[in-house]
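Below, each structure is written out as structure tokens.
One chain, chain A, links the two complexes that follow: it is found with chain B in the first and with chain C in the second.
Now for the complex of A and B:
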């Protein structure tokens, strides 16, 4: 792919997370540390998933197996980071200059979710972006020209989803809302397995379903974080 | 609900399919195998081609008829293009028009191996090596191609192209290109600019530029610790051997001349073509090499012992020169060395041979049409007359039935062969040249192969080293190439026999056509052949079933052809000795596998001499003087080609603008949301209270 295509895809996938980072994370060192820590925990989950994939030689070719366990590992590590953050909350409260981090428990959830999302989006897309270097685009033997743009959009949806999932997930454990926990794990599994359909070039279908789920999850996260339709209306009408 | 279930099912099905570990890159690019044209430089110019540093990209366009070119040369919709040209349209005028269109419109030229309509294909000049021969306008007149030494020459080998030229030989690869062109490009030419098109990228960047002087200066200039090479001089090895072993006089005082008298028999070892690693030079030099080898073998077997010659100081020196296609590199060096009494090389031992030791030189030039051979000499001398008579004695003799008539031409219209280097030093040098009327329409090209010379391997598995009776055709047809080579080499060898012994040859044994058969097979079809096996050490690893590379190349190049010639000459020009294998280790004794692989110890005479132009030896040589060959070859890091889909500008701009729009929108949105979050999340304090309460 060519340089304009490369930048186009990078902007699509990482533009929104970058904006989030600039306006909500970058001005608070504690949030940056938590973001990086969350990214590190996601990498640990990836390590475990790959070890499992490597060990299960007969199942190496069955992608669904790897996907299933990878999702489980990611959710386990989301729980671990939840436990860690909750147990260090008092300490954070003492060191943080901006006490909003601990005052509003959703901020921690949001920051760690974005950390999860960014690193997972990077792993999803960087392989593709790296292979794109060169003068060509997809479509010579198989694949379509929109492959790169759909990959970027897919990566973006995963990044946003991880952010939303963390917000819902953290709150669900705080309030012992098992339905929400099930929803997070279930929708994660569903979205991940959905990408397997891309092998038969059903890009539009998967992308559409993906974004519907992203919106539903986003709305749920909004509700969980204390948003109301009244507030939303006020926001829209600029009151 | 049923819809969701269907999706789950589909996903599970997909998941159980075996995953292919295929990278995105493999889906985007398809490598194309071929041979690339590369850059050579001489004292004043650069020739050949080079891609841009990162590779040249062009949209494929198949040229079937000349009119198809107009589309590319006019105002093509989505430049640059890469025309796929069949050989019959690969003409000088077409290439020059493509060159003029420049790299803006034409970025790559692909030559496809589709020889159906091809009538001629020679990229050499009309007058090969015009500026390094004897200085006479009579030698060759480029303004009159019909009377030149290469009437079909286009001279493209000496042009500089601003784009890479890539030759694709294999049917499979050509089909890939054609299919891709048909599928993506060959429709709606007007909308080319809006669509993704099938394109090729060729990487063949040449690091040398301008001319040899500049490039050697850059190479020799130590500007960094690593030291980078931009070009290498064309360099190889000449092979020589004598029919009688020379008396090795280890106590000879250095620099003293010998009183030996030599008849010098020479021919050319190398060939040239536009593309790297392709080009056999069948008619332009393998045939003469075959004649040369046959003459050597026949002379060695029919000559009496040296002591019984009328003059026992006489000997025959066989030399085959390398790099002759590039301004006579090998013979220039030979002349230079001989002038300085540096021949044979010191490592080979033996006293130096000077020009005075050479009685005369018989140069075997190109033998395109074996029935039409002339004996050329600069001036009509008694020597030339005598040799012509001797040649014709055997050529016309009813006893042998060769039925060849050798004519003579005593003028400055001298063919472009090694003898020119000798005549250039001294026009009175007794050089005689056997050369046929030029009929080779594929001179110095990739199509000068076994088909061009009509060679069919007889593969008789019989002994090819022994001489045969003149009537024994060994199942070969009288008009076959092998028989023609046998005839002419017998004539030459018998004439030389007569010059050496002073007596007419009365035997009936002549050269063995099977030797020509085997040699041609080795050099044209496969180096894994009986002759090469016989002339190797027993149980040597088998050679690749490909013909040896015959381009002179550079230092560190394959040098296959000089290596094999060295062994073959060594084998055929040596005498068998009854010495066991253990004691047969020190040169000139050499152990060969032999024809029937039994192993034979032989007393050999062959050796190498260096074929590097004297221009690279002389300090402060004036590169533009034209005195010696100055050819160098540029270095390169890789040759590769791959096809892929080149995205249209529309597609690229769309992707980029979508990206930028997403970026801007998200920045605005996130800024607004984060600055007004208290409006969105108005009942936050309550939940905080729940947590910290």
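Now for the complex of A and C:
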């Protein structure tokens, strides 16, 4: 039972990101490098927030504090990577085999967002997955049985959200749309703080709200990237 | 450990790769036949020479790049010196462009090597526990006191490093004295041990871990086939993929040996020490690895295949493929013969527009005999025929400066043209000699298969780098925390990226360990000390950030 659960949860959380990676990233070396660089920046932000959490000994048990600052650090590093990518855009344009990377500004945003998301999801889930593969199973003595699957679903939503957030965030700074910046930071804070409720096993609430936010953010990112409902309809009906 | 990146991935815009001539193969040491000779520019050398010796010839090999390091010097390597300085910017960018592909070409094998090590560490407990120790580490860190462990680790790593230093210097001395047989014997012996003995141990532990029974005849049959194919692929010839696979496996095996037999703290100390040693050995003016690389350049040889992972196309393989065409190509010395065309095309690539005409001129001229130069050739090859390095002679003839000043010092303004001509001459000269032209062919063949002319350049990464990256990641994963492993992995890849970026900027052999290992060590300890408790707290409460 543990092994199927392991594979199931792995595919729930990382199946869609893996597909995104294979179909949109893997063919272009520049994108792979940007993805890994984004992951590295996320790691740096995590390192900073962990250091802060570690240093604040009295507040270690108050996870809300750590989460709050972690979100702020992540958004700061998103801004840093935005600055870096924009300042190296000229170079990238010359370097990139496939000039779409720079012709369409959203690709850079998407790639770095996916990098953020994948590493974030991995860090959140990978040890849980390692525990999942055996020898024990959740929910035998106490605790909830759906711990793993809800974790996996949350991780997927976070990965997707990071991708959408980056698209919105980069575009917002390009167009000085402060509303969108506030939306990104606000929704990130909201989603992260909302998951604090998972500790009291309010899975339906958190998952439902998180996925609603994911869909809203996805729609917003789609519109920001120039998508229209008509285009979407055409895409769906394969016209 | 030969831990350095070799720069040969450079853009065609400035590369004179057409001037390729295969080395070693001629000299009866067939082991080297299959490996593309590697070269790299050393900016300082040829930069200074640019002023002193305005007319020198290059002996570029396919993977060689003749190119100015952008920005620092306005003068370009242009045929006849006629070409105005093209924008350094573009060249730099192109360097980065090909860099991007080659970065991935190194990411994949490095990741695979780490994957093998991490998977083994996590599935076979044999490799994660240290009970037997290497001879080089007499202090076993058995005391619980951290201070004792610390000096044990430092002493162990000091001993191990001195062994490494002595071995490296021994290798350099042997190489300088051209004791190729001894070096090859040494390398063959060590890869023999890895491919047979250590692989057998690995197989045994693998079967034990998964509780699979296997009889000795089957195991021996598997071992025999695996080992013999590996020896052939590494030291003689074989498909590039196979060779790369074997090199990755050998590196992973070696990393596992280090992880298994080094005491805990010693392993970390050795990682730190080896990256410092790498820095010294590659960058300092008298550093042994630098001497090795420069000597190899001078002699127009490639460094031993067993020590270097190469991302370039296989030459032997292509050569065998194209052998049938070869007679045809040499028979028709017309410009349309694919052989010469690719050569000159590459040269064309390497030049700015004025040189393109030069190149085409030389292309059309390839049918005309160059008796004089042929003679030069022959003279040269006579003098050095015993050594089997006609190229060096070549160079010395042209330069009139027979003492090996180093290939990198030979750059000059009109070298490209000469190279192109020489190339063709060599070809025509050697057309009688089936073996030689065959080898020559092997050089140009990749060009034909990849008309965009990018594939023949490759980056070389020392196997030592693979080994120590994998030691770091494997050691990190042996603590059972996956976030640390991933953090190390990402940090090492970013370090590798930065190293390759510096490579594109500086264009000289760089040590690949220091940046990556520093990042890896920082992230390993930071993650396991600080990030891990935080993330464990978060994931236990299912909080996502």
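Criterion: the second predicted complex is superposed on the first by the 235 of 239 C-alpha atoms of A that agree within 3 Å, B and C clash if a C-alpha of one lies under 4 Å from a C-alpha of the other, contacts with A are read in each partner's own complex, and residues count from 1 in each chain.
The criterion applied here is as follows: contacts are C-beta pairs under 8 Å (C-beta built on N, C-alpha and C of every residue); 3 or more make two chains touch, one makes a residue touch a chain.
For clarity, every value in this text was computed on a predicted model and none was experimentally measured.
Student: Under the superposition described at the top, does placing chain B and chain C together on chain A give a clash or a fit?
Tutor: When both complexes are placed onto chain A, chain B and chain C end up side by side without any clash.
Student: Considering only the touch criterion stated at the top, classify A:56 as touching first (chain B), second (chain C), both, or neither.
Tutor: Neither partner.
Student: Mind telling me which of the two, chain B or chain C, contacts the most residues of chain A?
Tutor: Counting contacted residues of chain A, the larger count belongs to B.
Student: Quick one: classify A:23 as touching chain B (first), chain C (second), both or neither.
Tutor: A:23 sits against chain B, while chain C stays out of touch.
Student: Looking at the overlay, does A:10 come into contact with chain B only (first), chain C only (second), both, or neither?
Tutor: first
Student: What is the contact status of A:226 with respect to chain B (first) and chain C (second): first, second, both, or neither?
Tutor: first
Student: Touch check for A:128: first (chain B), second (chain C), both, or neither?
Tutor: both
Student: Which holds for A:209: it touches chain B only (first), chain C only (second), both, or neither?
Tutor: first
Student: Angle chain B-chain A-chain C between C-alpha centres, in steps of 10 degrees?
Tutor: 80
Student: Based on the superposed arrangement, let me know which partner A:33 touches: chain B (first), chain C (second), both, or neither?
Tutor: The answer is second: A:33 touches chain C but not chain B.
Student: Scan A:67 for contacts with chain B and chain C and give back first, second, both or neither.
Tutor: A:67 contacts both chain B and chain C.
Student: Answer with first, second, both or neither: which of chain B and chain C does A:174 touch in the superposed model?
Tutor: first
Student: Quick check on the superposed model: minimum Cα to Cα separation from chain B to chain C, whole Å please.
Tutor: Superposition on chain A places chain B and chain C at a least C-alpha distance of 6 Å.
Student: Both chain B and chain C touch chain A; at which residues?
Tutor: Correct list for chain A: 63, 67, 127-128, 147, 196, 199.
Student: Residue numbers of chain B touching chain A in their complex, please.
Tutor: The touching residues are 7-8, 10-12, 14-19, 23-25, 27-30, 55, 57, 180, 196, 198-199, 201, 643-647, 651-660, 662-663, 666-667, 669-671, 674, 676, 679-684, 686-688, 691-692.
Student: Quick check on the complex: what are the chain A residues that touch chain C?
Tutor: Residue positions touching the partner: 29-30, 32-33, 36-37, 39-40, 43, 46-47, 49-51, 53-54, 60, 63, 66-67, 70-71, 74, 91, 94-97, 119-120, 122-130, 147, 150-151, 154-155, 158, 191-192, 195-196, 198-199.
Student: Could you pull out which chain A residues touch chain B in their complex?
Tutor: 1-2, 4-5, 7-12, 15-16, 18-20, 22-24, 61-65, 67, 103-106, 127-128, 131-132, 134-143, 145, 147-149, 152, 156, 174, 190, 193-194, 196-197, 199-200, 209, 222, 225-228, 230-232, 234-235, 239
Student: What part of chain C is in contact with chain A in the complex they form?
Tutor: 89-90, 93-94, 96-97, 99-101, 103-104, 107, 480-483, 486-487, 490-491, 493-494, 497, 523, 526-527, 530-531, 533-539, 541-545
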